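Labels run A, B, C and D following the written order; every chain starts at residue 1.
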Amino acid sequence: MADTSSDIRPTRLRRAWNSDIAWSFRHAPVAMVSTLVVVVLILGAVLAPLVAPHDPFNPATLNLMNGFTPPGVANQFTGDFFVLGTDDQGRDVFSTILYGMRISLFVGFSAVLLAMVLGVTLGLLAGYAGGWTETIIMRIADVQLTFPAILVAMLIFGIAKGITPPEYRDQMAIWVLILAIGLSDWVQFARVVRGATLVEKNKEYVQAARLIGRTPFAIMLRHILPNVLNPVLVIATISLALAIIAEATLSFLGVGAPPTKPSLGTLIRIGQEFMFSGEWWILFFPAATLLALALSINLLGDWLRDALNPRLR
Amino acid sequence: MKTTAILTAALLASTSIGASAETLRWARAGDSLTLDPHAQNEGPTHTLAHQIYEPLIIRDMTGAFQPALATDWAPKADDPNVWVFNLRQGVKYHDGSDFTAEDVVFSITRAKSENSNMKELLTSVVEVRAVGDHTVEFVTDGPNPILPSNLTNLFMMDKGWAEANDSVTVQDVEGGQTTFASTNAMGTGAYKLVSREPDVKTVLTQNENYWGKDQFPMDVTDIVYTPIQNAATRVAALLSGEVDFIQDVPVQDLGRVGETEGLVVKTAPQNRVIFFGMNMGADDIANDDVEGKNPLADVRVRKAMSMAINRDAIKQVVMRGQSQPAGMIAPPFVNGWTAEMDSSAKTDIDAAKALMADAGYADGFSIQLDCPNDRYINDEAICQATVGMLAQIGITVNLDAKPKAQHFPLITNDQTDFYMLGWGVPTYDSEYIFNFLVHTRGEDRGSWNGTGFSNADVDAMIVSLASETDLAKRNETIQSIWNVVQEEQLYIPIHHQVLNWGMTSAVGTEVSPEDDPKFKFFTMN
Amino acid sequence: MLAYIIRRVFQSVLVLLIVGLVAFSMFAFVGDPVDNMLGQERTQADIERLRQQLGLDRPFIVQYWRFLEQAAQGNFGLSYRQGRPVAEILMERLPATLELAFVSGLLALFGGIALGIFTAIRRRGAAANVIMTLSLIGVSLPTFLIGILLIYVFSVELGWLPSFGRGEVTDLGGWTTGFLTASGLKALILPAITLGLYQMTLIMRLVRTEMLEVLRMDYIRFARARGIREKSVNFRHALKNTLVPVITITGLQLGSIIAFAIITETVFQWPGVGLLFINAIQFVDIPVMAAYLMMISVMFVGINLIVDMLYFAIDPRLRVDRTAGGH
Amino acid sequence: MTATPVLSVRNLVVEIPTRHGVLRPVDAVSYDIHAGEILGVVGESGAGKSMTGNAVIGLLDPPARIVSGQILLSGQPVHTLRGDALRRLRGKRMGMIFQDPLTSLNPLLTVGDQLTETILEHLDVSPSEARKRAIAALEEVGIPAARDRIDSYPHEFSGGMRQRVVIALALCAEPDLVIADEPTTALDVSVQAQIIALLKRLCRDRGVAVMLVTHDMGVIAEAADRVAVMYAGRLAELGPVREVLTDAHHPYTAGLMASTPLASQGHRRLRQIPGAMPRLGNLPPGCAFSPRCDHVQDRCRHDPSPTLDTCDGRAACWFPLRSQKDNTPEHDQEAEA
């Protein structure tokens, strides 16, 4: 990829603007809507401190008497008003959704990143090296498949709880979640990349690169990787949605984010306890947000796969 | 779904269990761990055992003593160390064999054996001897005024049956040997075991020749007991009419269940008080940001923390009114409880801040609070509320909620400085509380005293209670111990739990403080 | 072929050993089992006695070796919680999970393939787009929420289906089945949907992508050029080629159903090994946890082996080494 | 040649709507093919050769579609047929041979299955009869030991063998017309000759009309009776192969012949046609070949290129090259200087 000097920078932008992908993006309403939703939600999460009326993670500001205030109605004891109501601890549901999404998105992105980096490297290695390295990596994948994400999280939680000093426990919980979800997700990346590498490996351009003496490492990075990126990108979007949901499931099993700093998933777990008791809003709004987020990411992933796959257009 | 023709034919052939006169479908969160009456000392296990086996004395649904296999009992006139029990005549086990004094001696010896979890309740019993077929004498190592109250969960097994099925010793888990008694039962109780799949379903049916057939309502003829762990599913089962009686209705669903036509909710104070313990004994505690000294050692800090907690808010919001704020760590019906002490806890943020300033912590400190998340009603939610309240007087609390299996070892192994604990008093007497929570942590007492509190005089007073026969003097000692506990603010009491049982309107029963329904008292109309 | 099988079996044993080691070493951190087994009134002496009895005080490697030794003979020790042999408990609870996994697997497989083909063939159709979006909802909500919503609608509000448990089961000597009773089948419906929905969506999307690829191949154009009916072009020619890659991934997918059962069983109080495992973790019942993990890894490794065999059976190109090298 | 032609195409136009505007890969093409005759269709890739073939057999991938013109199969209009009516003709009345034998056969079905399936689809014969015919078809295309090779899978045949199976498949339902789309391109030279010989023999023996699409003038010279040269979707020249090859009327055909090393042409320097065929998206005004034509006149740049019958019936060019003998390559020398 020859690097272009700055003077023709606009043309690259121009070229990007009417490139096929951009064109099909502009003509796919589903893609546009889901991108809008994702952008709005991410912005809401990132700007939470500015946007959110309350800070749900600062216990000093919570007033327990505000608990279970219905949405849009002033609380009978304190007279406070909450647009989407409050949860069992008196936290404003709207602010908690924004703050909670921060954790969910952060955990989601980091977990997928970890899984991608780990999976792609091991996949490339396994596909390219073959022989013993491939067998070992693939058997590790088998071992990994034996441990469902939930189990990995619980066991890692146990270990992490055992060794971290108490005051770091909250932050630790977040990193453990990332580790747990990431560790149980890398296998699918590895499988796809290994498959693709096996195909690319005996293509002429790879043999040509090998002929001119490029080191295996360079070959993998410069030549094979770009060609296997498409499937990886698609899996990344799908597993981002799954990672966010995995976090919610883990908190359902009591292993998720710490109770004082609930993520979107923890909110849903708390909400489901009040489903029959009439406080529907504690479950409804967070679940709707998670659905919107995960659905948009998945739809985007779908559109991306079709757009990136030239033959399918 | 994928049913093929053959299957539908099979469906017509099978019929579910015929709905006999009055089947009670009973569900609760946990299942009984084993049918061996002496292997475990734990709520759900005793509740199931009470339907099949019987102790000498039981507590009825209001918690009052009632003769069961013993008709009457009293200390021996000439020897204060001996209790005499006269046994009920003509009682038969389910397999028809007679209930005699021999069975009582066998059962008590078995309960005191190595692997039994019930042996702590019988530490004071030195010997048990049968006097004739229907009288038994308990010899204690000193006058023990409250022995009867230790026997309400000690079930009488049939010696012959146990020997025939080599269940003489209590189940030895490590030995890799499982006794016949852990999966089968032979009692004298009102119900017989029909089938049992642990954690899945246990079916009981009425014992036709039960000695008390006409003394108790006995309306329930068959019982189907299915544990349902997930609270939402448990409530759904009651709402959709799949079960008739559930023991632990989540507080938030009481409204919904109560309003539903055909369902009724009954509540009663439970024999369990919830409180926070603080490690005041240590000179510096690990989980805080104060180096060199222990903020909790200062009584003013402890009193400030107690005053910062708004117990009415917890009752109102977290518990939906289903709790009674507490001022002392003893349930109301326990000997030694006083209304005046129980209502002594006041909420006063400003006074609390003043006390914190006096103690030199004007800008507060940070500490870790250890809580269970699956033991008491809304345990995690209460802790979260406490974090919010203590933050208002400058104390930043890191909350660490975890399953009870990981939480309780922290207390018994002295690895926590600020923790939540709940305590029930099966003996209905303050001595039980002092033995475990106030006495210095030692060989056979103070195993749950995480506060590090150690006061020789108090210890002496506690030990004296065990052998003080003059009840008036005994109560006086109890009061003086309580004064020390309250003055020193060893614990921060929160509330007495309230039991919420949900049932169809056809079911008639009181709510027993021990949260253990005895179905022979149930009426079905 | 035979050599291949032997090599795979050897690798599988290796995997099992690693799983055992990893599982066993993790348990040390998950909490102290002794506490649960002793009642409120226990003393420090009791704790020591029981720890010693359970061998928890012996060095880790010895504990692990003893565990492996016993496991080889099918003796997984006693469950700390139920005091019964773990092997017996597992055998009792396994039918429930396997039946649930079987039904939801069936739902996922046939539903997934049928919908995958439909959305591939009628790619532009409105129905296909609706199905695709609806299916995404299945993947966008956590399993436990789907389960509880189903209970809320079908049990509490409509009262058609039971909200928990397995209904009446008939004992066929060692294997209890829910298929032969009306209540057993009714009890299967909601949990199977909850468990199967997620897998069905994945399989559907996989089949759709794969089928779209195959439909563009030359031999499909050639078949159409020969005037073969559209139905047999899609189902005889295209489907067979679509299923080859799908088999591998579906094999693994169904494997993870058993792992996913943990959540569904917790929500529906389904008496399977998943629920048993959750109770074991809460009670730190190490023998049950270890046995569960070993059993799951045996199943996974077994499924992997079967999937590889299937691969050979379906794709003749791989069988070339068996026939004496066609000229 | 008075009998009605097996295939006659009249002013066929195929259009593809794209975001860059509407493209016309096939623009007013007309030609006939009679029974037993092989019409070669040649041109650079992208000239619309294959598109014409696909249009005839009705396998145009959407959004491409026939906009106007007629396609008659033994006099019967075909371009109006849709769906099942058209499907029943395919295989029975017109067959198709694809370029790459590796991907044209279903890897998971035996050769026998694919043959019997096609036979049973169109001829009502018993399965055993169909199998006998399948074996006969394989023998006819020269597969040795057909009887025991019928149950093997495509990957068990060599490239050449597989192309013979493809041909057998195309002919097994006895079609009158066969469209061979670059049948030899994927094969190496030695096998190419065998396949061409096979095609010629089958065409002659069975009286099948063949439309042979290729970019290789050598194949045209070897196999075709008449040849159609296509350029940018239009028919540049059409006529008997001997005449067109030796005496091209259209400058593009001449240029093509000059740049093809035919054995029969003896030793002479090859010449290359400057520039490249324009993309359908931005065709030059007037005749599409004008920018590259060395006989270009003003008219060529303005008026749209004529159709065959508007000029001398042989080449779609305002200034067709006269068939003087002196019109030999030397003449073009000075243009080059």
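Odds and ends about this structure:
We adopt the following convention: a contact is a pair of C-beta atoms (placed from the backbone, for glycine too) under 8 Å apart; a residue touches a chain by one contact, two chains touch by 3 or more.
By chain, UniProt protein names: A, C = Peptide/nickel transport system permease protein; B = Peptide/nickel transport system substrate-binding protein; D = Peptide/nickel transport system ATP-binding protein.
All of these numbers come straight from a predicted model, not from anything done at the bench.
When chain pairs are compared by their number of contacting C-beta pairs, B-C comes first. Among the other chains, D has the CA centre that is most remote from the centre of chain B. With each centre defined as the average position of its C-alpha atoms, the distance from chain B to chain D rounds to 91 Å. Per-chain CA centroids place chain A at a distance of 44 Å from chain B.
Distance between chain centres (mean CA atoms), chain A to chain D: 53 Å. The distance from the centre of chain A to the centre of chain C, each centre being the mean of the chain's C-alpha atoms, comes to 24 Å. The residues of chain A that reach two or more other chains are 161, 272, 275-276, listed in rising order.
Counting only residues that touch two or more partner chains, chain D has none.
The set of chain C residues touching two or more other chains comprises 30-31, 148, 152, 156, 266, 278, 281.
Listed by chain label, the pairs that touch are A-B, A-C, B-C, C-D. Chain B meets chain C in the complex at residues 1-3, 7, 10-11, 14, 16-17, 33-34, 36, 39-42, 117-118, 120-121, 171, 173-174, 176, 178, 182-183, 197-201, 226-230, 232-234, 236-237, 239-242, 374, 403-406, 408-409, 412, 424, 436, 443-444, 447-448.
The touching residues of chain C, when paired with chain B in their complex, are 30-45, 47, 50, 53-55, 75, 77-78, 80-85, 89, 92-93, 103, 106-107, 148, 151-152, 155-156, 159, 162-166, 168, 170, 179-183, 185, 188-189, 192, 266-269, 271, 275-276, 278-279, 281-284. Every residue of chain D that touches chain C in the complex is listed here, in rising order: 57, 59, 87-92, 95-96, 98-100, 103-109, 117-118, 121-122, 152-153, 155-156, 166, 169-170, 173. Listing the residues of chain C that touch chain A in their complex gives 11-12, 14-15, 18-19, 22-23, 26, 29-31, 132-133, 136-137, 139-145, 148, 152, 156, 205, 209, 212-213, 216, 252, 255-256, 259-260, 262-263, 266, 277-278, 281, 293, 296-297, 300-301, 304.
Residues 231-232, 235-236, 239, 250, 252-256, 286-287, 289, 310, 313-314, 316-318, 366, 368, 373-374, 380-381, 383-385, 387-389, 391-392, 397-403, 406 of chain B are the ones that touch chain A when the two sit in their complex.
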